[in-house]
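In order of appearance the chains are A, B, C and D, and numbering begins at 1 in each one.
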C-alpha cells in the first residue's frame, strides 16, 4: 500500500506553524485563524482517507493487518545504531492519526471563537500547529529515538501553550513544572532507550516488537540485579510514559497545566498528548508482554490501577472545574494503562490491549467534549470555580446537553461510547487480575459520582443570578461541541476489536452481560448519589465533607504531593545542593586560585628585607653564598 | 598560495588595513569585510574538502609543509580533516557575528578589532596546525589578546578578571609546554628523528610510562581552557567582565581549543596514557558537568549563568573525549560546534539586553517578551537549544555523547554516563528559570516599556548564529558523517 | 723558595689574609677602610700566585706575571673607588657606609 | 708572526682607534659645539659595527692568550649592535645632560673601553687575559654609574658597584689562584688537560664561578643589581643589564663547555640549583617594584635564571640556544630600557604609576614597550617566546623536565608583573597621564630597530640556523 502521502499529514501543520510563527506580526488574526483551521482540515482529511485505505481497502493481508514503513537515516551513531526518520503505519498509529486529527480540528475551530480578540491569537494557532505536527510525528514514529524526538517536541509545545498567558506568574510556574517533571521522566525514557539500543542493537520498532525477533527471544541474555536488562529498559521507558501520561507519582504537573487556555487543555492535556504514554506502552506491547513474562507489564497494570483510584478520589473534592476534569483525565489514563497491563497477546487474550486503545479513542472524544464544554462555561461566567456557577442550563442549552452526554459517556452509561470501552477493560481485568478488577469497578463508580457532581454543580444546583447574564457561546464554539457529542454517542458502536488488536488479527468481541450490568449499576449508583447531593442546593455535601474530615482535607489538598515535590526541589535541591555548590565555587575553588596568587605577592612582601640597601649585607650574602655552595659541592655532591 | 595559509594571511592583511583606519566607521567596515572574506573562505573550504575527500583518503588534506627551525625539526606544517574544517567554519561565523555585535564600539575601535582579529588568527592557526610547535605558538597567540580585550573594553572588575584569565590560561599552556617537550624528546624512540609532527609521532609507539607521565600534563594544559573542573574559575569572571563580542569569541571559539587539543594531542599521541588516566579525568569532567549546571541554577547574573552552563556543556565534551570511542568523540566535536554557536548566540543576546536595560541581574528584569519580542524569542529558542531540544544542534551532540558513552560496558562508566545524562534535567531547570523570570511575567520596570527595538546588524549577527544551530539540528547527517570518517584514523591509533 | 717554610704555611697565611679582608669588608663602617680590606683580599691572591708559581711550577713565570697585573689593576680600582667616594663626599660630606643606603627593597 | 695576524684582533683594534679618535676630537672640537661629538661617536661606532660583519679570519695570538673563532666573532657583533642601539637611545640624554658639563667625550671613551674589555674577556685564552678583560669591562662602568655627579644616588650606585665588583674580582682571583695551583697553568688549553675534580679545584671553581655569577647577577650574587640600576644613568643600567651580562654569560658558557667540561657533573647541578633560585628570587622581587629601573633590574635577574637553563646540556645545542636568547634578550631589554629612557628624559618620571594611560597619549612608545615586555615574558609571536622555548628545549633535552616545569611556573609569575606594566599603559586611564611628546631621530631609530628586531628575530628562522651552525663549528 502506498503510504507516502501520509508524510503530508504532519508536514502541513508544520508549514502552518512556520508561516504563522515567522510572519507573526504581519498576519491579521482572522487570516491566521483560517490558515490554522484549513491546514488542519487538510491533514484531517488525509488522515481519514489513510484510515479508510488502511482498515478497509488494503491494510489487511490474509487476515492480518500489515505494518508499512517508510524511513530514511537521519544520523549515524555506530555501525548498527542510527536514528531514522520515517513513518510507520499500523492499526494503532492510524487510529491515533484519526484521534489527533478529529480533536485537533475541533479544537482549532473552537479556538477561533474562544481566543477571539486575544493579542496572541496568531501565536496561539502557530503553537497549535507545532503541537499537532509533533503529535503526528510521535504517533507515526518508526523507532524509539524518533518517538523520543517528537516526545520532546510535544513536551515543549505543551510548555509553550501552558505558559501562553506568560504574564501570569501561576501560568509560568505551571509551564515550568510541566516541562521539568516530564523532562525528568524523559531522563528515564532516554536511559531506557540507551539500554535497548546497547543490548538489542536497534531502535527499530518492527525489529524490537517481532515476537520471534532476537530482541524478545534473548531477553534473558544479560541481567542486572536479578532482572533482565531489557526489563529494566522497559521500566525506564515506562517512567517516560508515566511522566507524559501523568501516572502516579509523576502526575503533579497535570492539574497545574490547566493554567493554559481551555482549548489547549482539551487538545493536549485530555485527548492527545497525555495518552502518548499509553500509546508508548502499546507501541512496545509485544516487548512488555513477552520479556520476562510480562514483569514490566504487571508494574504498568498496578501503577495504572493505583493512579486511576488516586486521581478519582481527589477529583471528588476539587472545586475548580478544570482541575476536576484534569484528575478525571489522570484517572481515565490510569484505566487505559490498567487495560494494557492486564492484556494478553493472542486473539481474544488481547482484549485488554484492544479495550485500552478503544478507551483511548472514546475518551479522547468525550473528554475533549467535556473540556470544550467547560471552556464554553468559563467563557460565559469568567470563572473556573463551581461556587460561581449553577443552573446554567437556563442560559446555555447546547453546552448543557453536550456536557450531559459527555458526562454520561464517561460514567459508562450504555449505549454511549464510554460504556463499551470501559466495559471491555473491566472484562480484561476480571479475567486476569481480580484485585485490579475491583479497583476498576470502584473507580467507575467514583467517576460517575464526581462527574455528575460537576455537571449538577454547573448546570443545576443553586439558582443564582449573574451580574452580567451568561449567554450561549457562538457557533464556532458550539459546533465542535455538537460534533464531539455525536462522536461520544456513536463512538462506542465501532467494532474496534476488528481493527486494533495486539496481534493485529481482529477478533469478535461480545458483551459480557454480568460484568456490564455490574459496571453500569455502579455507574448509576454514582450518578444517583451525585443527584442526591448536588441536584438541589443543600448542605449534605458539606456535612459529609466534615464527616470525612481529615481524609477530605488530604484529598482536596491532593494528598500534599505538590508540597512534597516543592520541598524536594526548593528546600533540598536549591537550598541544600545548588546554593552550597555556588558558594563553594566562589569561596573554595576560586578562593584557592586567588589564594595562590595572593600568597606569591605576600611572599615577595616578606622577603623584601633581604634587599636591605647595605652594601655590606650584599657582600655578606655573596660570601655566604660562595661558602655554602662550596661546602655543598665539596662535601655533598662530589662523588 | 595554498587554501589554508590564507586563513592566516587574510586576517593579517585585515590588520594591516585596520592600522590605517581612521574612525569607527572605517574600522568596522574593514573588520566586517575581512571577516566576511574569511567566512567565504571557510564555506568554500568545506566544499573543497568534501570534494577533495572523495579522491584523497590521507588523514589530513590540503597539507603544506615548510621547514621552519631546521635544527629542531620544527615545521610550519598545516592540513585539515573534517573536524578542523567544521571548527574553522564555526570560527569564521562567530568572528563575523562578533564584528556585527560590536558595531558600536566607540572606545578605541581600531585596537579592538585588531585584537579581535589577532585572536582569530591564533584560533585559525591552531585548528590547521599539524606541527605541535606551530600549534602551541598559535595557542598562545589566541590567548594573549584576551588580556587587552577584557582589560580595556571590559566592564566590572575587568582588570582582575583579565589578569586572572590570562594567568590561568598561560599557566596551563606552560604546563602544556612541558608535556609537548616530553612528547618531542620521546618521538625518536623508534629510531626516527625527533619531530613535532603530530602525524609522525602518532606512528611512534611512545613507552607507556612516558605516556603516563606526560598525558596528565598535556591533558590539563589543554583542558583548563576547556573549563575543566576545578580549573574553570577563570571563565565565569572572564565572561562576566568581557565585552559582548569577546565573550562570544571566547566561549564560542577559544574554549573549543581545549577539547580539540586534548583530542588531537593528548588522546591521539598518548593513547595508553589516556586509558591509564581516564578514570580520574572522567570523575573530574562528570563533576564539572553536574556542578556547573547546579551552580548555574543559583546565579542571578546572566553572564554567570551562561558561563557556568558553558562549564557544564564543555564538561560533556571532555567527558565524551574520555569515553574513547567514535560515537562519543563525534558527539564531543558536535557538542563543541553546537555549544560554540549557542553560547555565542547567548552572549550576543545578553549583550543586547544589557545594552538596553543596563543590567544583567535577572531579578531586576522581567516581561521582556512584551518589550523586546525579537530578542526574547531568540533567547527562548537559544535556551531550548541549549537544553537539548530535538531540532537543534544541542540534541544531536548530546545524543551522540550519551549513546557513545553508553557503549562502555563497565559499571563505573555506566554510573558516570547516567550521572552526566541527568544533566538534561538540571539544564532544563536553570534555562526555564531564566526564561520564566526574565522574559515572562509582568514588566518589572516602567522604563523598559520603551526599549530600542533590535537593529539590523544585531539581527544579522543573531541569524548568522541561529541558522547553523537549526541547520545542524534538523539535518545532522552530512556533518556527523564528515566528522565520523575523519575520526577513523584516531580510533585506529587508539586501538 | 724559603728554607724551612712549606707552601702549606704560606697558603694558610694567605687564606687567613683573605678572610681578614673579607671580615674587614663586611664590618668596617668607613668606605675607605672597606677599600683597604679589598686590597687585603687581592693581596692574598697575589701572594698565592707567586707562591704557587715558586713552589709548584717554578719552570714558568705565569703566576708572577699574573700577580703584577693584579697589583696594577688593584691600583686602578682603588683610584677609581676613591674618586667616586670623594664625589659622594662632595654631596653628603660623609664617607660612612650607612649613608649609602638610600636605595633599598 | 707576521703583522697581518694582528688582524685577528680587528674588533679590538678598530674600537681602540675609535677611542683614540675621540680623544683627538675632544681636544680639537671647540667647547661650544661639543654636541657634534655625539654624532661623531655614533658615526664612528656605526662604522665599527659594520666593519665587524666583514668575513674575518680566526686563530689565536700571544701564544694562545687571545683567540677568536666564528662564534666569538659573531658574539662581538651582537655586542656591537647592542651598544650601537644603546648609543642611539642615549644620544639625546648625552646631548642634553652630559654635554653641558663638558663630559660628553669621556662618556663614550669609558663606554667603549668597557666594551673593549669585554672583547678581550670573551676572546681570552687564559685567565690573565680573562681577568684583565673582566676588570677593564667593569671599572669604566663603575665610573659611568657614578657619572651623574650631581645626583647622590648615582654616586651611591657607583660605590656599591665598585665595592661589590672589587670584592667579586678578589674572590675570583683567589679561585683562579687555586685552579692555577691544581692545574699548573693559567692557559685554558693546558687546564683542560690537567684539571681534576679534587676538592681544591672544586673550591677554586666555585670561587671563580661566583665572580662571573656576580656579573650575570645570579642569586645569591645579585644583590647589587637593583640598587646600581636604579641609581645609575639609564643608559648604564641598560648597558649593565644587556651588554655586560650578555658578555659574562657568553664567556661563562665557553669556559664551562670547554675548559671546565671535566667538572660538568659538578656544575650541572650547580647551574640547576642557581637557575631555580635565581628565577624565583628575581621574579618574587620584581613583583612589587614600582620604579621601572628596579623593575627591569629584577626582571633581568630572572632572565639570567632562564639563561642558565641553556647551560645545562653543555653542548652545541646549549650554546646555540643561549647565544640566540642573548641576542633576542639584547633587543627586548634595550627596547624596554629605551622607552624608560625616553620617558624619563622628557618628563623625569620613572615610576610605574606614571605610565598609567600612556597608550592614549603616546601610543607608539607604549606599543614598543608592550612588544618588549611580551618578548621578555616569552609570548608568541614576538622573539622572546622562541628564545625561551629553545632554552627550555635545551634543558629538556637532558631530561630535566622538573627544571623546565619550575621554569614555566616562573614564566607565569613573570607574565604577571610584565602585564602590570601593560595594565598601567593600556588598561588604566588617568588625568595625570604623561602628555604626548616627540622623541628625537636617534631615539626613534633606536626604538624602531629594537621593535623590528623583536618582531622579526623570532619568526626569521635562518638566523637561528646560522647560530646553530656556528656553535657546531666550535665543538
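For the reader, a short list of remarks on this structure follows.
To be clear about the criterion, contacts are C-beta pairs under 8 Å (C-beta built on N, C-alpha and C of every residue); 3 or more make two chains touch, one makes a residue touch a chain.
From a predicted model like this one, the values you see are computed outputs, not experimental measurements.
Listing every chain that touches chain C and chain D alike gives A. Central chain assignment: B. Criterion: smallest distance from chain C-alpha mean to the mean of all protein C-alpha atoms.
At the far end from chain B, in terms of centres built from Cα atoms, lies C.
Chain pairs A-B and A-C differ in how many C-beta pairs they share in contact, with the greater number at A-B. With each centre defined as the average position of its C-alpha atoms, the distance from chain A to chain B rounds to 37 Å. Annotation: 65 Å between the Cα-based centres of chain B and chain C. For this pair, chain A with chain C, the centres built from the Cα atoms lie 98 Å apart.
Averaged Cα coordinates give chain B a centre that lies 43 Å from the centre of chain D.
Those residues of chain C in touch with two or more other chains are numbered 22, 25, 34, 100, 102-104.
Residue numbers of chain A whose C-beta contacts span two or more other chains: 597, 608, 611, 613, 615, 619, 623. In chain D, 159-160, 163, 167, 171, 226-227, 416 are the positions where the chain touches two or more neighbouring chains simultaneously.
Those chain pairs judged to touch are A-B, A-C, A-D, B-D, C-D. The touching residues of chain D, counted against chain B in their complex, run 317, 320, 374, 379-381, 385-386, 389-390, 392-393, 396-397, 399, 401, 404-405, 408-409, 411-412, 415-416, 419, 422-423, 426-427, 461, 464-465, 468.
Residues of chain B touching chain A in their complex: 164, 167-168, 229-234, 237, 291, 294-295, 297-299, 326-327, 367, 369-370, 384, 389-391, 395-396, 399-400, 402-404, 406-407, 417-418, 421-422, 424-425, 428-429, 432-433, 436, 439-442, 476-477, 480-481, 484. Put simply, chain D touches chain C in their complex at residues 127-128, 131-132, 135, 139, 142-143, 146, 149-150, 152-153, 155-160, 162-163, 166-167, 169-171, 173-174, 176-178, 180-181, 184-187, 226-227, 230-231.
By the touch criterion stated above, chain C contacts chain D in their complex at residues 18, 21-22, 25, 31, 34-35, 38, 41-42, 44-45, 48-49, 52, 56-57, 60, 62-63, 65-66, 69-70, 73, 76-77, 80-81, 83-85, 87-88, 90-92, 100, 102-104. Of all residues in chain C, those touching chain A in their complex are 22, 25-27, 34, 97-98, 100-105.
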